[in-house]
Amino acid sequence: MADITTILQQYKDGSLTLDAAQQQLQTAVSLADAASVEDMGFANIDLQRKERCGFPEVVYCAGKTIDQSVQILTLLMQQYDNVIGTRADKAVYDRLVPQFPDVQYHELARMVYQRKDTHNDNGDRTIAVVTAGTSDIPVAEEAALTAEIMGNVVERIYDVGVAGIHRLLRRADDIRKANVVVVVAGMEGALASVVGGLVNKPVIAVPTSIGYGANFHGLSALLAMLNSCAAGVSVVNIDNGFGAGRLADMINRMR
Amino acid sequence: MADITTILQQYKDGSLTLDAAQQQLQTAVSLADAASVEDMGFANIDLQRKERCGFPEVVYCAGKTIDQSVQILTLLMQQYDNVIGTRADKAVYDRLVPQFPDVQYHELARMVYQRKDTHNDNGDRTIAVVTAGTSDIPVAEEAALTAEIMGNVVERIYDVGVAGIHRLLRRADDIRKANVVVVVAGMEGALASVVGGLVNKPVIAVPTSIGYGANFHGLSALLAMLNSCAAGVSVVNIDNGFGAGRLADMINRMR
Amino acid sequence: MADITTILQQYKDGSLTLDAAQQQLQTAVSLADAASVEDMGFANIDLQRKERCGFPEVVYCAGKTIDQSVQILTLLMQQYDNVIGTRADKAVYDRLVPQFPDVQYHELARMVYQRKDTHNDNGDRTIAVVTAGTSDIPVAEEAALTAEIMGNVVERIYDVGVAGIHRLLRRADDIRKANVVVVVAGMEGALASVVGGLVNKPVIAVPTSIGYGANFHGLSALLAMLNSCAAGVSVVNIDNGFGAGRLADMINRMR
Amino acid sequence: MADITTILQQYKDGSLTLDAAQQQLQTAVSLADAASVEDMGFANIDLQRKERCGFPEVVYCAGKTIDQSVQILTLLMQQYDNVIGTRADKAVYDRLVPQFPDVQYHELARMVYQRKDTHNDNGDRTIAVVTAGTSDIPVAEEAALTAEIMGNVVERIYDVGVAGIHRLLRRADDIRKANVVVVVAGMEGALASVVGGLVNKPVIAVPTSIGYGANFHGLSALLAMLNSCAAGVSVVNIDNGFGAGRLADMINRMR
Amino acid sequence: MADITTILQQYKDGSLTLDAAQQQLQTAVSLADAASVEDMGFANIDLQRKERCGFPEVVYCAGKTIDQSVQILTLLMQQYDNVIGTRADKAVYDRLVPQFPDVQYHELARMVYQRKDTHNDNGDRTIAVVTAGTSDIPVAEEAALTAEIMGNVVERIYDVGVAGIHRLLRRADDIRKANVVVVVAGMEGALASVVGGLVNKPVIAVPTSIGYGANFHGLSALLAMLNSCAAGVSVVNIDNGFGAGRLADMINRMR
Amino acid sequence: MADITTILQQYKDGSLTLDAAQQQLQTAVSLADAASVEDMGFANIDLQRKERCGFPEVVYCAGKTIDQSVQILTLLMQQYDNVIGTRADKAVYDRLVPQFPDVQYHELARMVYQRKDTHNDNGDRTIAVVTAGTSDIPVAEEAALTAEIMGNVVERIYDVGVAGIHRLLRRADDIRKANVVVVVAGMEGALASVVGGLVNKPVIAVPTSIGYGANFHGLSALLAMLNSCAAGVSVVNIDNGFGAGRLADMINRMR
Amino acid sequence: MADITTILQQYKDGSLTLDAAQQQLQTAVSLADAASVEDMGFANIDLQRKERCGFPEVVYCAGKTIDQSVQILTLLMQQYDNVIGTRADKAVYDRLVPQFPDVQYHELARMVYQRKDTHNDNGDRTIAVVTAGTSDIPVAEEAALTAEIMGNVVERIYDVGVAGIHRLLRRADDIRKANVVVVVAGMEGALASVVGGLVNKPVIAVPTSIGYGANFHGLSALLAMLNSCAAGVSVVNIDNGFGAGRLADMINRMR
Amino acid sequence: MADITTILQQYKDGSLTLDAAQQQLQTAVSLADAASVEDMGFANIDLQRKERCGFPEVVYCAGKTIDQSVQILTLLMQQYDNVIGTRADKAVYDRLVPQFPDVQYHELARMVYQRKDTHNDNGDRTIAVVTAGTSDIPVAEEAALTAEIMGNVVERIYDVGVAGIHRLLRRADDIRKANVVVVVAGMEGALASVVGGLVNKPVIAVPTSIGYGANFHGLSALLAMLNSCAAGVSVVNIDNGFGAGRLADMINRMR
């Protein structure tokens, strides 16, 4: 299929009629958009994501075979300094590290990543990542690490759940200093509402599946956070630390 | 059927054999237990409840016809000073008041009641009834009024939800002074956990159906309260102000 | 109870011992925090909210009696130029308008509000409010109006659901120009993901209860939005236009 | 903004450089796609739907104001012979009929429609619409009428639920003669599986909200149909007669 | 504590007053009822169940330790000919068989049992156990075996699900001959309704967890069966073959 | 289409070949089965139901128009002595009574019925209908009335819920005398298990939607009854009094 | 039992009366239908399925023992060229391959199959199988392989989810060329709606359980697809690739 | 940061102005509250919990790494006599026991604990822990052990579920003697209501996940208990033995 330039020239030199040129342009324009996609058969990798969105495509490794994850990450790591794979088996890391010596693996957060560019894009604007309990730390680390790799300073404030409100209040000033706050909590998820009432900044709430019984794998915290009576709170999927970190980065970049 | 005394005497005077006496006693003992039930056909009213439990049977009027509620409450009001009907249509009150001039109706709480005995059984041991918002007040009043009619002093602390934690903290001392705390909250129900962390007394959490969307008619608050990370918190049914008031009275009576 | 100044002076002039001064200071500091709360019995109005958060308390009228809503809004309208009541019955407006001639009522959005200060705080940074269908407009208007009253310029882009993707794509540039995007959609809620993939700005997704059957009052859109495969999407409660508008304002203010 | 023709000509005559022409073409092509959309502010009507899909846009009236529905249907009825509005209040019909004397209203199916073209597109290929009970007829009529207006012959076979299997078996041959079968059933929804086992044609199952208790507004029939052990059965939303009729038309058109 | 006889005699001989005799009789009668319970600390075994209900207590082994199951079954096997343990690990059988050589284990049904008395109590009245598929057989065997051990003749009719209705119809006469019918089905559970329409005998429906996806571990079949449009169908818990077999026995015994 | 007799005769007299006779017989046999169905277009009435099942078809009026219900009931009342319509609007009764003077309407149970034959089929075998509370009576009456019209003696035992176990125990002997027990209960539905443990007869449990909050329209009672630890308990749909009455009749008929 | 021919002849030669002949014919006709069923005790195999439906019975291996699956597949593979077993353990393949050298196993799709007849029944009419992500491929392969074995040409278009809409649009023409489209997506399942809006052909949507948290094992995608605002979309069970492939084949065969 | 004493003195000696003193006091008071928290990075241990609440912080070990649990418990065991870790892997015990020879592990209850102080705080006021079945014992032991370690006498009454009500009634007096009752039950959870009706003391209901099918991991018991018709019953999370034990202790301490 001819590209746009060719069509314009063929129209100019008369080898295409006006009608034919119009027709062919429709498809050509679509294909121009698509030029940035690397089609691997089992995956279509978007190679202009960084230009468009500031960060290359992030690979969600769960549900993919080790081999698929490795192939996709290889493609990305060859082209970009900073690359992230989430929910990754350690085997993915083991397969990548011989070729990419900078690749790292965070066991708790289950992230495999390459962070060659450690430049801090957002100056002194910190993102606070706050957890209700110790058990929420793996999800919090996924959020924190994501934000850091994307160029943010992260302040970790862990285990300050509402059952002992003074644990939270003594850190209130640290939380208020942040530009964006990520709140990670399971069980009753009340921390998001309390933090939402303390700060005047956007709060990204991440319900976790921590808890048992009527927690129903994170449903209790999810519903609580969606029903938060505090303004400025929005919610991402259960255990979705990555999504929270990515959104926090996006908000933190706003000028 | 002969009663226990008769059987014993008939056995003593020889008109009953040992076997016959044993047989008849089984039924007689059961019937003795049952003597206290007034069978109205559509309802069995327990007339020893006050002796057994300290307060006469309380009538749940929803699902009953106006006529059934009136008949049952008439029976009880004739025998007891303090009587409660919950979830009552005002029509029940209108039908009762000509005969029982002391009967009262609380519109918000939808309670019809007679409170001739206003004695305070529990001295200075107060029950705190705390709400997250103004919209939770009808349920809270059902709890508070129940506890008062049963002989308790109630401290009402309304609209102190967690989104503005200082609203709650300024009342913390008042809450800590109470012997039992009833927390009434809808939406994310976080108030129960925060109060549970502030006090060293039993907290009875009442989820309300206040809220919308993913509140799912009280489910969000219910699950949050069941998953409370604070110790000493237990939960009653959604919007069950009466149950909370009754349990608070029961705990407040303990010596 | 003495205030902080008094205690300090009494300690200085010797009328308080060190111990007594320390003790009394604990309470005095708490009360200072609480000074800004107007306790109406059925409601505690936070009178420093504007100072702390940039906008006075917003009144959620559902579940409150007309009378309660009117009393609270009266208090706020006397003190602030811009005031919002959501989920308000028109009767609230009718009761307020004689005293506050500037008060307005938006029937579709069910909002009662006073907007004396029409200053645009955020310059040319627009917030796009996008709906999937015509039926989503009431929720979208709640979001848009909220954001406008708080000082933002809003671009409304309605009825561009994914079933005819070209309807959306022809508005893609308008959406990309916005600083924050609010996506309001019921049914399958797919619009949030598609918009999330088109823009490099935070997307606030508002599921609506529009639909029927297996929509389950907004559950389908809610779950879809929470599971969005697009980065930068977070979710507020079903039909919670106000929450989205408030959060969009908060993000739009960030510098 | 220049259209494609203009850009081509300007490039040909040299008033546009190659680069400028390429740039402007991107937008022009998008706008060409969008030319067919009538933007009414509250709705974007797709005016090439009939060309693209064989039938003009169908208006889902629930959630729209009467006025919005009337405006949209007026626009469509002016341009097309056959037009459908579903879930329509009779008031919509009342407002349309003075201007469009051919408009009709089906009370049970809650459809307002104009059917000037009664041509039968699909010859003797019938669509069978089968219901389990009499109460399922409103949904079935929505499906049947939709298919008829779109140019199909419909065979209605009503009240042949599985509890009396001979009622169904005596109509088995009629059902087998159809080219596509729509099965409409509430309660346990078993009819879809039994019909699916009788025929060798696609079965479109429509769960209805008919039933009570553990029917949960159509959930029982929906789940049953999704779990059908018969091959060739697929499912549309609860009570979605229109969707089934539209899909049946689409399949029936295949050659 | 004195027993009834002693009290009667002591009252007769004057060593007890009337009042004292009355008092003591209350407790004595209760204890007489309780005499048949073997209290093992971790379990209270009812040793008059066979007299009262026709079959000794059946042991649900899931959730018990191997040791607990073995101790309880040992106690029962020593006293009764026919004894059943359900959801039993094979280890329970292995521990019992040295001492009770008649004990058997049915791997598919996960039942351990002793059946020394093979007398057929119900003559030629058969119980039909019907399954929709092959995968439902383990649950069906639990039902069939239970009914057989309790003295019934069972007719097994397996894999006659509705997707091929002729598979079922060719066995219709066999099913109609039964006195009670147990229908075991997963997926859409439609078989219960179809069988319910074919027979004039009680149908006990057992939903199974067989299926996947929107089956939600048996929920689809459960809801379908509860909503059966056929009369005479009642439902037991998901996968509860034992419950169905026990109830079938109970109905089959009725004269 | 020729009937079976004609085909046999035509084959005998040679006007049909063996092959043709075989072919035609297939259809003729099916049609013979179907002869008993009265096809009203919107309903197929089974006119051999009484012969097959002992009672004519029962009309579920909910979801049908008044007119449809009246037409179907008219057809049945002309042919049978005893006829039942459930979930019927009183308007159905009002339309029927001029033509059928024996027709009756039970307001609480919402049943319209004709009971010309008051013969008691089952002698002294009673069916006990037991309710937990007064509010469960409408559902219980639907069950009781159904069983009575079908020829059974019903013993009503109302308001004996488990919260006052002695209310139940004093009626234990009455319940034990019954041949089948229907237990109707909302809220926690515990009555089914307790009754199931008291009797050695089949217990049909009917969960009701009585209750509030976490009752979720009968779900709590439904799940409780399905999980009953007592043997011999099976469950029908929420509020399905008719289904329980019909099944009780069927079991009570067994000899 | 005599067959139809015998009865006809006996009637002709007078050894059967008309009445007796009629009676026996009823059963004989039913049995003729059933002649094609192979009763294996644990399974009833339908041996006329290919004649009736165009393809032999497909074996769902989950829930069956290895042995049962092998026996059923052996029976089918002996009689038919093309045979499919789904959700099969590799052990089934291992047991079959010695006897049936053509048998194949697709690990990702978990299908065991024999495809001796590779004839393409449907000419150039392709079925497009489209996935949102790489993780959806196993389900997609089950659909694609099923359709291929049944005689269709399949175009696989993988990893074109909506978060990067241009990935999809560049393949839009390929999708539009297909005669039927199968859309396989997890998470928010939005792809079905977007594809439904792009094409004028039936779309079969397959929700997958890919995702986490509020995905609830495929519920989010399922609900989204059922609520699709695009016409022509119907849904099969979660992860039911086979069902989609079978239905696509059925639609693709229509002439 | 200066402490309160310093500030007071600095103000007294004039080195701080009134304004500066006021400002600094705000923070100083907050920090005084926080002094009792030991910040371990991954956990904030509250070291004044015993003073405030009567018992040191209890460690919920699930979701924490072995290492985290050990570090936290080490800190607590060094400071307190009685310490509890719940949901603990035996590995936690194995790591602690060398250093703390008094530490114990209860396998069934999965608790690790140190109980050096065996003083009985509450005299003869017993807490009854009652289970419906043997399978509920692990949860019951978590409750009982918790209450014992906190200084209470516990009466264990196991396996007295309602299916054999006499098993319960024979223990009724023992239960009535208790000051607080913990009822632990799975399946239909009916025991809570029956016990609630027998006693005049607070009943803490603990639903367990024991059961199968429509038990849905404890949901059936949970809903039943929340809907209990007995007064004085409140509910904790599914399987939350610890919460029940802690609350029972709290109530039992009330004077």
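Should a chain be cited, it is by its letter among A, B, C, D, E, F, G and H, assigned in written order, with residues numbered from 1 in that chain.
What we mean here is this: a residue touches a chain if its C-beta (ideal position, glycine included) is under 8 Å from a C-beta of that chain, and two chains touch if they have at least 3 such contacts.
Molecules present, by chain and UniProt name: A, B, C, D, E, F, G, H = Nickel pincer cofactor biosynthesis protein LarB.
For clarity, every value in this text was computed on a predicted model and none was experimentally measured.
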{"item": "Subunit F and subunit C - chains in contact with each", "value": "B, D, G, H"}
{"item": "Neighbouring chains common to subunit B and subunit E, by label", "value": "F, H"}
{"item": "Greatest separation from subunit D - chain, by CA centre", "value": "H"}
{"item": "Chain whose mean Cα position lies farthest from subunit A", "value": "F"}
{"item": "Identified repeat of the B-E interface (over half of residue pairs identical), from F-H, C-H or B-C", "value": "C-H"}
{"item": "Subunit B and subunit H: spacing of chain centres that average the CA atoms, whole Å", "value": "26"}
{"item": "Rounded Å distance between subunit G and subunit H, as computed from the means of their C-alpha atoms", "value": "54"}
{"item": "For subunit B paired with subunit F, centre-to-centre distance based on mean C-alpha positions, whole Å", "value": "38"}
{"item": "Shared-contact residues (touching 2 or more other chains) in subunit E", "value": "133, 164, 169, 213-215, 219, 222, 226-227, 231, 237-238"}
{"item": "Contact pairs between chains, per stated definition", "value": "A-B, A-C, A-D, A-G, A-H, B-C, B-E, B-F, B-H, C-D, C-G, C-H, D-E, D-F, D-G, E-F, E-G, E-H, F-G, F-H"}
{"item": "Subunit B - residues contacting subunit F, complex", "value": "27, 30-31, 33-34, 37, 41-44, 46, 49, 60, 62-64, 68, 72, 87, 207, 209, 217-219, 222, 237-240"}
{"item": "Of all residues in subunit F, those that touch subunit B in their complex", "value": "133-137, 158-160, 164, 166-167, 169-170, 172-173, 186, 210, 212-215"}
{"item": "Residues on subunit E engaged by subunit D in the complex (per definition of touch)", "value": "132-133, 161-165, 169, 187-190, 192-194, 196-198, 211, 213-216, 219-221, 223-231"}
{"item": "Contact set on subunit H toward subunit C in their complex", "value": "4-5, 8, 11-12, 18, 21-22, 25-26, 29, 32"}
{"item": "Residues of subunit G that touch subunit D when the two form their complex", "value": "52-54, 58, 179, 200-202, 204, 222, 226-227, 231-238, 243, 246-247, 250-251, 254-255"}
